Every structure is written in C-alpha cells, then in structure tokens.
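Same chain, two partners: chain A is paired with chain B first, then with chain C.
Here is the complex of A and B:
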C-alpha cells in the first residue's frame, strides 16, 4: 500500500515537473491567435479559414523555420467585439500573455480593432487584420511606423477602395443601360439600410452620381431588419429610377431582393447586399432573388488565380458554405506569414516585417497581393480588386471586373439587365 | 516614544473594538489589503488588466447605486455619464493635450453637467417614466456623436489617447486607489445627513417635502454626484483603453450596470462593488467554456436573485451578522447577546 502510494507520488511529481518545468516542449510549435466574434458568421469565417491553412501546413510537416520543422497551433479567441470592446481587448491581452502566441490574425469591428491593435503593438506582435476596412488602421502605421509596423491589413480592401469599386460598378451598369436600352441619363435611387457605417458611403455616392452624368432621384433608408419594403420599392418605381444602388448588410437585403423580384421593378441593381453573397440567398428569396448584385470576395467557379477554385471547393466541402472575406485568414497564415517565416527562417517579428512588407504573394483572394508603405492591401489591376456578383437564373455569377482596366478572371459572365426592364425601355 | 506607544495602543483598541468585532468589516479590510498587496504576489499583466477594468466598473456600479439605489431615481441610462466622462477626457487629452490627471477629473465635471441637464427635466418624472426617459439620453448622445464625426470620430471614436501611466502596475495602483477612495467617499455620503435624506426621498418624497426639505435640490445633487463618479470611471476607462467610442454609450452598458447593482444588492454601495468584483472576473473565467459562457452567467445571476432577492452581499451579511432588535447595532451571528446593550439576539 505504502509502496503504491510512493510510486503514485513519484508519477504525479514527474508529471508536474515535465509539464510545468519544461515549457520548451511547446517551443516546437508556432502559435497563431485567431481573434474574432466567434459566435457570428464573421468570426466563424476567421476560424474556418485559419483552420484550413493550419491543416494544410501541418499535413506537410509544418513550416521550415531555419533547420527545423515547426507545426502550427491555432488559439481561438472570442473577441465578442460586436457586444463589448472591453471583451475584445481582454481576449487580445489573453492571447499575448496567457497563450503567448507568436502572431495574431483576425479582428472585425473597427472600434474594437483600434483597441486590439494597440495591445498587439504594445507586445510587438505581428497582427494581420482580416476584417476591418477603415483606412485609419493603416494610416497609423504611416504616422508612427516604429510603433505600428507590426500591423498589416490582409483583407478586405480599405473602405476608400470599396467606395471606388461601387462607383466603378455604377458607371459600368450606366454604360450598359446606355448601350443596350439607349438611356442617356440614367436615374439612380439609393436604397440603403439604416446603419451608421453606411452614411459616409451614401454621401460619396450622392456627390458622384451627378458628376458621372446620372440623376439622383432619392435616398430610401429602410430598417436593417425590415420584413416589408414594398413602400420603398413603390416610391422608387414612381420616381422612375432605372438604377437601384443598394447597400445592405442585414436581412433587409433578402426582403428587398424578393419583393423587387415579385414586383418586377424595372430597374437594374448594383451596390452591396451581404445576404446575396451567401449560398442560401436563392432559397431565402423564394427563387425571386435574380438580378440582385453585391460586391464580394469569393464566387463559386470564379478564380483570381489557380489557387482560388481549389480553396473554395475545399472550404465548401469542409464547412458546407461559401467562404466570406474573413476566411482570408487562410491567406494571412499560409502565404503572408507562412512564406515569410520559411524565407527568413525565423519567428522574429523584426526580421519578418521587412519581408512581409515588400513581398508579392499569390494567395486565394486576389491575383497577387502586396502591401503599400502603410501596410495596407494594394488595390488595382493585377492585385486585390474583389469581384461583383449577380444572381442569374438561381446561380451566383461574377460580372465585374470583366474587362475593367484589362482585368478578367476565369469564370466571369456579363451583367444581365432584368427582362422586365428591357421590356419597358427597349425601343 | 511614550506618546507613540499610547497612540498605537489606542489604534489597536479601536481596531479590535470596531473592526475585528464584525465579519463584514474584516472582509472589507481583507479586500483592501488583498488589492493593495496583490502585486507583491503576482504582476501578471492579464490579471492586472482584469482588476483594473473591474475597479473602473466598480466605481461605475457604485455611482449608479448612489443615485438609483439610495434616492430611488431609477436611471436606465447610466452609460450617458460614463460616455460623457470618456469622451470629454478623450477630447481634452487629444486636442488640448491635457494629461490624464487633468482630463479624468474634467470628464467627471462634464458628467456633472450632464447630470444636471438630464436631472432638471427628469425631476417631474417617477418610476417607469423616469427609467424610460433616462434610457433615451445615451441614445440621444450617440446620435450627436454620429452627427459630428469630425469632432467625436463618429463610429470609430476618439483613439490614440495618452496612457494612464507608463506601466501596468502604476495603472493598477491608480485605478485601485481611486476605486477604494471614491467608494469610501460614496459610502460616507450615504451614511451622512445627505445620505439619510436620499434614503427618505426614496421611501416617501412627500413626507420629506412636508418636513421642509427641498427634495428638488437633493435629487439634483444625487444626479450630479452620481454623474461625477461615473464620469471619473468613464475617463479612466478611456485612458486605459486608449479609446472612447460609441460602445461606451450603448444600451447594454447601461443595463450591465443595473445587473451588477441588483446582483450585489442595491442601496448598499458595497453590494455593487462586490458584484463587479465577482461577475466581471467570472465572465472572463468563463472564457474557458465559450459556448456556455453567457448561459452560465445568466444562470448564476438568475439563481442568485431567485434565492437572494435583496442581492448577494446583503444576504451574506445577514447570514454572518445579526442586528440587535433593541439598539440596532450589528453583531456577529454566533453571539447570543448584543455586544453593546446585551439584549438577547434572535
């Protein structure tokens, strides 16, 4: 009895010494913190994209860091940032001090990312942003390079470029209406949900529509969760709008597309409709969502390069849905970080930063990606552009950039004007 | 040497007779000591961060109790004071380059002004109507924040503020010292003549007025005092987080304060402070079970309030102490006779 107790004590002590006393065991893994609102689709995208990247890297034995192979270990951190900025900063601090991660990817809500960015910079850890679009996050790098150099925005394009793409899309649709239907000065209606982040976009579009040779007939702001927008659609129809510029991020996007289809509103769509980026959109609109348009990052069957399509297929087979832009944590880990680590043979942030900052990488979310001097994602032909989708005959298709500045991606189709609009305006 | 000895003996006697006789006072003493000496044991930055935020929110919760718990002026928009304090401190720091030791108290004063501004129209309202009206004020301020983004930073808030101090440890001592100091001041206010009038206003305002007391003045005083302490906590939060944003004004912030105060026990000051020190770290601890975090949090609060309707801390206090039916002095629960008047304790 005494002997067995002695043996048990020795085993317990040995266990304690080995687990507590030799943290060097953990030295052979690269810890990457994945931070995001994990109970929301944005955070799920962060985690799923990172999971795929880590699985692929680990399946090859890990990353070559100098002379040894190191596997990747992901640490999930729920930032809860939609509900609490305090939670977001505590989660980031936990990643830094408790989990002792080497790198962090993720973040979504700009206000929270500002606070999280400061914490990552305090600890001099590379933080690859994969969600917040505000330019100021990168402007900080330019203003105080030594402090903020650890920050890079991997996705999405900053909001200035997003507005630019919106306007390019608008001009493209306008050109098409002129060519196909002979509409010389198209009338534009803006229908945008009531949300604060949309206000500056509306301002920019209002300013630019007359300059682009079009006429603005009004701005309608239904609730983000409206279940009936027939009043707005009727008003838009009475205003004789020929282009409807939508900006929706919530469920009103489904209501709008369904009712516009039911009422056969004679107008062409452009803009953003986040719900239309999802596979379930067609079913949600009860088969009435044709011609709805949205900017997006991934569309099934459309490739920026040879890596996009296999990634999309693998993602769908693994997680059962189309990846959204927060899933570009895949690129952040696999190409931005992974390739830089293998090239430098180190995990030292100071040595990695110049390499990440200068390199051009081929990931899955752009033809090529590189960063500008403020560590912001470069937008333009040959680099990140995103794509614009349209639902056509129950299928999600991509129609932009189909020839814009010479850029065309494999699998794109032309934009389609709704037949009831053609019927009304075709001379 | 003889005088020093005399005073030391006197101090010991007072300590023995006033503090050690009641478990609740011993717990408070231990609470002070643990907070003061904790960094001797550990300076883990994550733990210190949690305790700094806990201290800041403890000031906020106690300030709500000062207004709503004591005077019965049900405030469902306490985030207004917090947000005004945070934004004022942030803007003064960023544009006028006033360091935190100046911007935080000025944030508190701005919140006093906010307290007066909302206090005056709210004086005519009571109960549900007052609660709903106060709920609207932070929402109105949020509208203003979004209406003038060039000043307030709009949805991004005001970021890049100066730190409270140069180190996490100093931040800790600043916030803990302020929390202990301000809480003591709030507690002293509630036990003073003014505090008794606050109590009386809650119980029967007409009776207080009949006694010739200007209740309007006292209610405005409660709004202002509560605003000041909440504004201080807002300023501290802004400088610690280095950002003041619309999240500071969200409805959830106002309701969280109410949950803390009710969980801990209203009209006590120590109740809301204790509640924050239990619930805020608990929510962090529950990160280990992220899927069940909010569910477990809600369950704990529901069960506590079901079995302890007056709040956790008054319940604990009543378990470990008894009040003398004759002289109303509190005694340790194990005593059978009052320590002062020797009356039999039930």
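Here is the complex of A and C:
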C-alpha cells in the first residue's frame, strides 16, 4: 500500500513537472507574448502586426541566434484592458509563469500598461510597448534604470510630442484660414473627451492658442462614450468657433464627426481623433466623417521609407484593413528585437538591452527609429514624426508633415477646408 | 441660449422616454425589474447593422425586420430565465443582469468590440429657431410621442390592455376572474421588448453600435424610472424630459463640465427622491392601481 502510494506520488510529481516545465523545454523556439485587448481593434492590430513579422522571420528559417536558427512562436494574451486592469495583469502573469515567454510586445491603455510593465520588470523580461503614450512609462526608466531598463516604447510618440505636433498642425490650419478666407484672428474651440491623459494636453493648448495669435472661445469636455454631442456642437457654433481642436480616443470621436458632418458645422478641424485612423471610420460615421482630422501612423499610399508601402499593402491584403499604430508590433519584433537578437546571438535580456538602446533601425513606421536614454521613441525630422490625416471625399489622406522642417513623405495632399465653412466666410 | 437648451432637452428627453416607457411597463405589470431591457435595444441595433451592412437591406426595412427577432429572443428569454423565478424579485434582477452580460459577450464574440454605425432613415438637418436639428433627431422626438400614444391606446382601448391593467392592479383577483397572469406577463414582456427593439431601431442611427452600448442608457433609464416613480408610465415620460433638460443645461452652462451631464442628472434624481421617496408619480400610480 505504502509502495503504491509512493509510486503514485512520484507519478503525480513527474506529471506536474512535465506540465509546468515543458514550455521551457521547447528550446528551439523564441516565444514572444503579444498582449492587448484582443476583442478590440487595438489588440487585433497588435496581433496582426506581430503575425506578419513572425511569418516573415519564420519563412527565412527563423532568427540566427549564435550558431542555430530559432523560429518565432507567438503567444496571444487577451489583456481585456479596456474593461479590467486585473484581467490585464493576470494575462501578463500568465505569459511570465505559464507560457514562459522570452519577450513581450503590446499593451495599450496607460493605466493597464503601468501595471503590466511592473510585472514584466519583476520577471526581468523585455517588454516592447506598442500602444500607450504616457511619458511616465519611460521616465521610470530614467529614475530607476536597473528595474525598468527592460521597457522600451516602440510606438506611439509620447504625449509631449503629440502636443507639439498638434500645435504645429493648429498653426498650419490657422495660416490656411488666414490665406484662403481672410480670417485674421481665428476663434478656437477645444472639444476633448474627459480622460486623464488629455488634461495636460488641454492646458498646453490653452496656453499656446493666444500666443499663436488666435482666440480661445471655450473648452468642451464630453464623456468619452457620449452618444450625442449636438448640444456641444450647438454651443460651439454659438461661440462662433472657426477652428475646432478635437482630442478623442474613444467612440465619442465617431459621434462628434458624424454629427458635425450631418449638421455641417462651419469650422475647420484639427487635433486627434483615434477612431478616424481606422478604415471603418467612414462606415461608422455613415459617410459623414469628411474633414475629420487625426494624427496617425499609417495612411494608404504614404511612405516614410521604401518599406512602409509594401508593409501596408501586405497587411491590407492579409487582414483586409489598414494597419493602425498598434500594428507596429511588426517593427518591434522584426527590427527592434529580431535584428538585436541576430547581432548579439543571444536571448539574454541583459546583453540585448544595450544593443536595442543604442541602435538606429529602419522599420515601417518611421524614416528611422531609435530610443533616447529613457528608452522612449525619438521624435523629429529623420526619425519618428507620425503624420496627420484628413478624411477627404470618403478617403483617408495625409496632409502633414508637408514641408515641415524639410520633412515631406511621398503621397501627401493639401488640407481641405469644409465647403460649408468656405461658403460662410469667403469674402 | 434658452432655445438651444429647450430644443436639446426635448431631443435628449425623447430618447430617454422611449427607453424608460417599456421598462416601466413590465415593472408596473409583472414587477419584473428587467435590467436586460437596454440589452434588447443593443440587439436590435446589431440586427439593423447586420441587415443593412451584411444583407444589403434597405435601412427602413432592416429596422422593421429587427423588431421581430428581438421580440422572439425576449419572449424565449422570459420563458427560460424569468418566468420560473418570477416570484423572487431579487433573483429576477440578478438573472436579467446575467442575461444582459451574456448578450454583450455574444455580440463581442460575433462582431468584436469595433464601433459600428447604421444609416440614418432621414439625412440632413433643419433649422429650428436658429438651431440645427438633424432630421433623425426630429424623428426620434416624433417616435417618442407616437409610442406614448400607442401604449396609452393599448392599455386603455383594448381587451389586452384591460387584462394588463387588471393584472397590474391585483394579480390574485385577476387570476380568480379567469385571467392567466403568466400569459399576461408574457404578453407585456413582448410589448416591453418590442418597445426596446423599436427604440433601438429609431435610436441606433444616432448611437455608436458596440457591445457596451446598453450600459449608459440603462443607468439613465433607471434614473428616469426611479425619478418618475417605479412603474408609472406618465412618470417615466416626465422624468425623461427633466433629465434631458438637466443634461442640456450642464452642456450650455458649464462647457468644461459637459462630461458631468450624466452625474448632474443622477444627482437631480437623488434630490427628488430625498424629498419624495416614491418618485414624482409613484403615489398617483399606486392610487391608479
């Protein structure tokens, strides 16, 4: 009896060891965790971008790690971070403990990424952020390098740079109104959803509008999920605003664009409207989204370098839609990580970090990309700038940077003022 | 600005009224707190989306066609999940929450969390006293008035309405008089879900179709119903417009706090309840019963 119990115990223990330990034994694959809200377009972007990168690498036999070729295996982790930060941390824990991934890419919502970042740092795993813009995610690296050095932001630019681009865009639109419609001192209304990451942006814009020779007529803060903003639009019209500066990352961006188009609000748009970055925006606004503006990463027919357009075409033919910025997991895996692994010939995070930190890479989402001392994406001419799009006659077009600091990308078009605004103000 | 506030308030109020009337009806008759009410509205919106975008149907036809399957799903849900536990109000409440969550997750699986849109029945806008109002919003306003008239006619001018009112008044006596209260409750559930589906059909073009679109209207609808007096249709109607005007006031008077419009509306509800715990028309409704 005792003997059989002993044998049974040994068998159970062996089973446990095999079950828990086996993933780590699958030695000749590099396991990359892709974490994001997989039931939402942001997570789909994370996964699809990563899939393309892994397929291309594996088609060539894998990455050269020292003397052997190792294929990539992606592990999908649904963070469900829009609805639950706890789900996000659980998903990250699972990647670390059960799936035993070597690296992680993804993350979107700042609040969730902060929590996920800490877990990855606890396990000393390289986490390439592909979604959250909050500067603090990278200033943490500067403040406590030993703990946070495993973090790099591959995309997007941090929100300080986003404000800078927004202000450059605002100045461009203001100049255009002056030239085309003779509006000497444009009245600006800010319409921004209520979200924490937007608060400092509004403050910066409020401070700069008068300095830029414009007049601020008001700030409206609808809820991020508002399904009706006609009251706000009526109030903005009553204030006689000629430029509406939008900052939207949620569904209110669709509501706003659709209702502004339906009511033919006589004002020019600038700013950020994340929903406008998607192919589905036109259908979601029921064809009323013309003249909506947003900063973005990818626009059909516009290239940062020779790799952008083939990537966009391949992505569209494979997944049926334009990639958004979370699909830059492609660059994270293929160039940031893949090239560094081949250069160092190791999967050891300690050896990879200095190489990733110093290298300049040519990916698909910027002319060139490199990281600053805080492992944040470098912004500026020759590096990441993003682009600003406008919906024109049902098509997504890019109108900035079109000559800014000498930067022009192939396929840019001029900004368009809505015809109902021209009708109202043309002298 | 006063005209702006009045018109915005009327439009907002009509949307809330449409939602609250159906919810109020089933509570008044069968004492069922149907948390899944706005989830049926979400289902209707998805049916319309599917009809217009996947099957290529005309928007008006899709809207009409959407109502039937949603009523059927509502009746099946009632028979399977609500009827067996109808006597236990807390259990019904929990069951309908679960039902709504299940519908949300199913929609999330089928359509993902992408934000979708359905076409307007009538495009364009009209200037009303210097304020631009979209035709679709005017249609919603008219639909709210029409629905109220139809519900009134159903309750007071038909035999079914008489049965519904009798059952609402005293279930046992209605039973003794030969009325099948379970059947009456089922008919009322059908009417209530039908109203939710109709609301979905009218409002969907103004909303963003997504699996979570039922949550915010649910909170506002509950606020309207509690403010007006649980189960009182008249109360729901008046409550809806009070909250609609409150929201418009916030947007026009405190632009920086426009996101607070929901909170302000809910605060008004709390203040009214502190003064009059049964809601605005709660007592009147009890007397009617």
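Brief remarks on what is shown
Here is the rule we go by: the second predicted complex is superposed on the first by the 393 of 427 C-alpha atoms of A that agree within 3 Å, B and C clash if a C-alpha of one lies under 4 Å from a C-alpha of the other, contacts with A are read in each partner's own complex, and residues count from 1 in each chain.
Following the convention adopted for this analysis, a residue touches a chain if its C-beta (ideal position, glycine included) is under 8 Å from a C-beta of that chain, and two chains touch if they have at least 3 such contacts.
This is a predicted model, so every value here is computed, not measured.
For the composite obtained by superposing both complexes on chain A, the positions of chain B and chain C are free of clash and fit together. Seen from the C-alpha centre of chain A, the directions to the centres of chain B and chain C diverge by 60°, a value given as a multiple of 10 for the model superposed on chain A. Using the contact criterion defined above for the overlaid structures, shared-chain residue A:254 touches chain C, although it does not reach chain B. In the superposed three-chain model, the partner touching more residues of chain A is C, compared with the other of chain B and chain C. Of the two partner chains placed by the overlay, neither chain B nor chain C lies in contact with A:125.
Of the two partner chains placed around the shared chain by superposition, chain C is the only one that A:234 touches, whereas chain B remains out of contact.
Of the two partner chains, neither chain B nor chain C is touched by A:375.
Using the contact criterion defined above for the overlaid structures, shared-chain residue A:334 touches neither chain B nor chain C, since it reaches no partner. When both complexes are overlaid on chain A, the residue A:263 reaches chain C alone and has no touch with chain B.
Contact with chain B, but none with chain C, is seen for A:136 once the two complexes are overlaid on the shared chain. After superposing the two complexes on chain A, the closest approach between C-alpha atoms of chain B and chain C comes to 6 Å.
On chain A, the surface patch touched by chain B in one complex and by chain C in the other comprises residues 39.
Per the touch definition, chain A reaches chain B in the complex via residues 38-39, 76, 78, 83-86, 89-91, 93-94, 96-98, 110-112, 114-115, 118, 134, 136, 140, 196-197, 199. Across the interface of their complex, chain A is touched by residues 44-46, 49-50, 53, 146, 154-157, 159-160, 241-243, 245-247, 252, 284, 287, 290 of chain B. Residue ranges of chain C in contact with chain A, taken from their complex: 1, 4, 8, 11-12, 15, 53, 108-109, 112-120, 123-125, 131-134, 136-137, 205-208, 210, 212-213, 216, 247-248, 251-252, 255-259, 261-262. Contact residues of chain A toward chain C in the complex are 37, 39-41, 44, 82, 193-194, 218-228, 230-235, 237-238, 251, 254-255, 258-259, 262-264, 275, 280, 283-286.
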